[in-house]
Amino acid sequence: MIRFGVVGYGYWGPNIVRGLSSLKGAQVAAVSDIDTSALHKVRQHYPSVQCYQDYRDILKDPSIDAVAVVTPVSTHYAIARKALEAGKHIFVEKPFTATTQQAEALIRLAQKKALKIMVDHTFIFTGAVRKIKEIIRKNTLGDIFYYDSTRVNLGLFQSDVNVIWDLAPHDFSIMDHVLHKKPEALVAHGMDHFDRGQENLAFITIYFADKMIGHLNVNWLSPVKIRSTLIGGKKKMLVWNDLASDEKIKIYDRGIKVKSKESINRLKVDYRSGDMWSPRVEHDEALRRELKYFCDCIEKDQVPINDGHAGLRVVKLLNITDQSIKKGGKLIKIQGSG
Amino acid sequence: MIRFGVVGYGYWGPNIVRGLSSLKGAQVAAVSDIDTSALHKVRQHYPSVQCYQDYRDILKDPSIDAVAVVTPVSTHYAIARKALEAGKHIFVEKPFTATTQQAEALIRLAQKKALKIMVDHTFIFTGAVRKIKEIIRKNTLGDIFYYDSTRVNLGLFQSDVNVIWDLAPHDFSIMDHVLHKKPEALVAHGMDHFDRGQENLAFITIYFADKMIGHLNVNWLSPVKIRSTLIGGKKKMLVWNDLASDEKIKIYDRGIKVKSKESINRLKVDYRSGDMWSPRVEHDEALRRELKYFCDCIEKDQVPINDGHAGLRVVKLLNITDQSIKKGGKLIKIQGSG
Amino acid sequence: MIRFGVVGYGYWGPNIVRGLSSLKGAQVAAVSDIDTSALHKVRQHYPSVQCYQDYRDILKDPSIDAVAVVTPVSTHYAIARKALEAGKHIFVEKPFTATTQQAEALIRLAQKKALKIMVDHTFIFTGAVRKIKEIIRKNTLGDIFYYDSTRVNLGLFQSDVNVIWDLAPHDFSIMDHVLHKKPEALVAHGMDHFDRGQENLAFITIYFADKMIGHLNVNWLSPVKIRSTLIGGKKKMLVWNDLASDEKIKIYDRGIKVKSKESINRLKVDYRSGDMWSPRVEHDEALRRELKYFCDCIEKDQVPINDGHAGLRVVKLLNITDQSIKKGGKLIKIQGSG
Amino acid sequence: MIRFGVVGYGYWGPNIVRGLSSLKGAQVAAVSDIDTSALHKVRQHYPSVQCYQDYRDILKDPSIDAVAVVTPVSTHYAIARKALEAGKHIFVEKPFTATTQQAEALIRLAQKKALKIMVDHTFIFTGAVRKIKEIIRKNTLGDIFYYDSTRVNLGLFQSDVNVIWDLAPHDFSIMDHVLHKKPEALVAHGMDHFDRGQENLAFITIYFADKMIGHLNVNWLSPVKIRSTLIGGKKKMLVWNDLASDEKIKIYDRGIKVKSKESINRLKVDYRSGDMWSPRVEHDEALRRELKYFCDCIEKDQVPINDGHAGLRVVKLLNITDQSIKKGGKLIKIQGSG
């Protein structure tokens, strides 16, 4: 039984508490929030959970094994560091930290203390992404040409982050998980329509090895919600519509068949247009699966796939995106990623 | 009655001949094509039309008033120039010319000879684009934040042009027609996956005055065909799905209501989420409407909206897109557009 | 504060308990279920709620004002009768009872004891049905020609009821609520593919006054889930897709314009094809709204719209549907409905 | 080379003439129409075709091998009979004839004169229906439980026929072609909202052997066009959306798995919910394929699948549908069909 303290009971915190409560191997021992009305809700739903306004009270409890940090990103580092120092494993909301330096410091500290870090990249635990990973691993798509994601909606303007830090972590962590290529360069363009100092839409292009290209379209001002990703491969192509209640993933036996280099220039390209296949996608709750995996990693002393390094890679891309926009859309080389 | 010669009877030429044949005020007098099998088809369907292999035979016919140039873009300039020199009005397939210099030379020549140029920007004559123009003109959307178009399909790899010259002229001419802002800068990223020297996908960002931003996603390697455009305004937002058989245009009474600058940073933004309205869109054939308009412009000596200058503006953006990609995604300022 | 006892904690019971618990004016005092594992769940989530295996223990508690009957339909009558006899208001899961005689007996008993009956026709409290009712009440559609519903899915074969008793109560109660016409006759056809003595698909046609016709297609063997209703009126037509996450209701300014009776036969009918309009539909939880309304009806001593008579009208149609199928698709006149 | 005369150049006639003109083995020699403006159009597009107002002039031409009858259904019999008497093969627009007696008389006459009859059941030549037939023939779906078609739109009110004769021949001919069961009984309900003596909507239920059931929903007053068919089988289920530009047919690996009869009653049924598969459907023009097949049948002296008997079977079902409605929704047994 792993005993958890949860720091932060705002938008996402209740999901973490509910998810942990549903696991046999986990128990929520304490929750902290600076907002007493949030704590009031905790007491109503979970009368046996200890409530604190100061998260440091959680860290003092020696019976607590792990701490979930579900607060604004600007506070992740300080809380996570103290939790590690107190000997707690940490589960940190995405994005991991505000800077790569912070992420690196936490990784070092966890390593020194032999503690686990898991970054909450929930999407990679969904049935859809697990199926996509399986399809790519089996080389069903062949060499991948591009990953093109549209992630737009009429979004809540957040005070502390821009649309990139809100929406792009999903795609950055998914690409990191399913594609087997390192990002080599990134360029981004965005707009801050309301002079807030925070972009509300952005277009991000990522260059990977071997001519693979990624593109993200993130936008807080779209009248319709779109969560659509095209992945084009040499052998087959995949469309993932995450909002579809059914048939989220479709694999098309379509593409071009290059006879020879010469032939392309001369228009002697064959087009294939075959069947479409939509594999069944599991519907179990991703967050619950992720939390269970975290408990397993702790108990079996295994390194999670979404560990501090995975969190660092995402933070690095977020930082480079911000830099590229600040420099007027400059292409930025990515050093030693991975 | 305006008598036409049509140069080129390949993919699009038959549509031009059919469109002109259906008009009361127009007559196709002659068609030329270097391919005799194309001419054979003309004779079958239009026994009374004169057929030539050499387009210069069309220019020699003094009874011909106007020439439609429906050949590959690399040949537009030479044919159009000779047609103007022979005293013919010209209707030129999009994109107008291969370079801005060519476009400017044709504009000057036409002006000198008092002849009309129309560039075949068919899309601006569709019911959908005419409705969008009307909506924007009436300021239904309010100040426009962005124009975001996805135009992808499993496309024919063309030997002479890249995906940009194939697909982007549509959006460039539509933006030119419906938005009332000058493009100020452009930046583009693309990929040539098959080492053809021609991009098969590209992402183009255009900066307009007053923080309006445009974005095009064009791709010849998409398993599904998408023709979808989001236009976000301060008052309302529009979605145009050109592949929908019905309800092509939807206008959403959605957006954010900014109380004060201060309030945004503090998250005190109101969200509106009201009704949706899908105006009826006329279904008449756009090309036929455009050709009729060309005849009217000739007869009434009027300047077409899609004249040589409109064609030039599109060619300029195409050239800048190519330049930006060649320079590794450099942002290029646009001088004196419009 | 109205104190509730809830009989039955199977599939729907937890929703009733959760809904009541979220209301300020209501309190769940006790829950009963013959299954002890169900009671175990109650104790986990609601430690302060009294749990019983025998529902009669609930009826003995004089502090309980109202009883929700959330058990299989065959047991509704016995439980509801005893609850009324014990002086409790009753909230009964749909369909109200297994026979019209049972429904009539409960109505009489409640009247005698001055107690409220509410039948859980949840759908009429959804944003979509409330909007449809408003549209029809304002005569936006004009005289209604037909109500045509498709309600199919890969459904759980229930042991005690057929597909009609499972799915048709929704449409019967919605038609009862939004249309202002009495059903005059009903005819139904169905099939029991597995020799269970229970139909797994059925097609039901209902004749109303003034040539209004209703049609239901209910099916437990459909690979896709469909919840789609067309309502055709003389002035406008409505499409309700209850599975759409957005734009659930669309109103089409389409129809035919009859110039004169003579003209129709001579094909001189005008077709209108105008705009489409999708009104905003409220998203609040229907069940919670219904339960709050039940509490209000008790406190203000008002008759609910979904009272015992409404429940009886639905049960009558269900019985007639079964009869019609048993008699090989006989058209059955409906006496004195409403 | 088979020489054709085409009687009737209204709505569908031009498609027949165009289709025949595109075939190598066929030639349109003459067209007749009582409307001279129709003939004017023929002369414009097909200068070499002979034009007549009186179809009997076509029959007099000994060089003509076959006659296409593309006139209102009430005239089919008289024209077809005279054509057969004149020694011409006949291609007759659907529905074949107005009565079964007429159909039987034409079949006898053709047999006596050794001439071919083909009834224009175009749909069975589409890529979609050919694929469905193939799927059913291979027993991919297993035993078929039901065929449920919705075929509604805002339709042209035709002066001479009701919605059943307009829309139901499609489904009757498709069911006749793809299902391998005889219809045993039929029952229909309809409504004539405008007192024209012709129904504008109808619901038709057809009982086949082995508990297979068919259902058609045809409606001329629907705001949206729907062409959707569900075919439920024991092993798999199929959805055909004929309006989809892509993925017209979807096959779902879904259904219920019956362990034993007893188990169903006790709710011990397993649900399967597996992958979906959308086979590629050929896009070639169905009418052209059908006309080519007619020429082949004449040349090779073969009996078409859509011969007079197929036409008769469809007319029989149309007549029974009308009868059932006239008798207030009476179930009518079908004698010796097939």
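To keep things simple, chains are lettered A, B, C and D as they appear, and every chain counts its residues starting from 1.
Note that contacts are C-beta pairs under 8 Å (C-beta built on N, C-alpha and C of every residue); 3 or more make two chains touch, one makes a residue touch a chain.
What you see is a predicted model, and the numbers here were worked out from it, not measured in a lab.
Engineer: Between A-D and A-C, which chain pair shares more contacting C-beta pairs?
Structural biologist: A-D
Engineer: Compare the CA centroid of chain A with every other chain's and tell me the farthest one.
Structural biologist: D
Engineer: Averaging only over C-alpha atoms, locate the centres of chain B and chain D and give their separation in whole Å.
Structural biologist: Spacing between the chain centres: roughly 42 Å.
Engineer: Between chain A and chain D, what distance separates the C-alpha centroids? Give it in angstrom.
Structural biologist: Computed from C-alpha means, the inter-chain centre distance equals 53 Å.
Engineer: Can you give the whole-Å distance between the Cα centres of chain A and chain C?
Structural biologist: One centre to the other, that is 42 Å.
Engineer: Give the residues of chain C touching no fewer than two other chains, as numbers and ranges.
Structural biologist: 224, 273
Engineer: Using the touch definition up top, name the residues of chain D that touch chain B in the complex.
Structural biologist: Chain D reaches chain B through residues 47, 224-225, 243, 245-246.
Engineer: Going by the contact rule at the top, pick out the chain C residues touching chain D in the complex.
Structural biologist: So the residues of chain C in touch with chain D come to 145-146, 148, 150, 152, 154, 156-159, 187, 189, 191, 193-197, 201, 203, 205, 211, 213, 215, 217, 219, 221-224, 230, 232, 237-239, 250, 252, 254-256, 258, 261, 264-267, 269, 271, 273, 328-329, 331.
Engineer: Residues of chain D touching chain A in their complex?
Structural biologist: Contacts found on chain D: 247, 253, 273-280.
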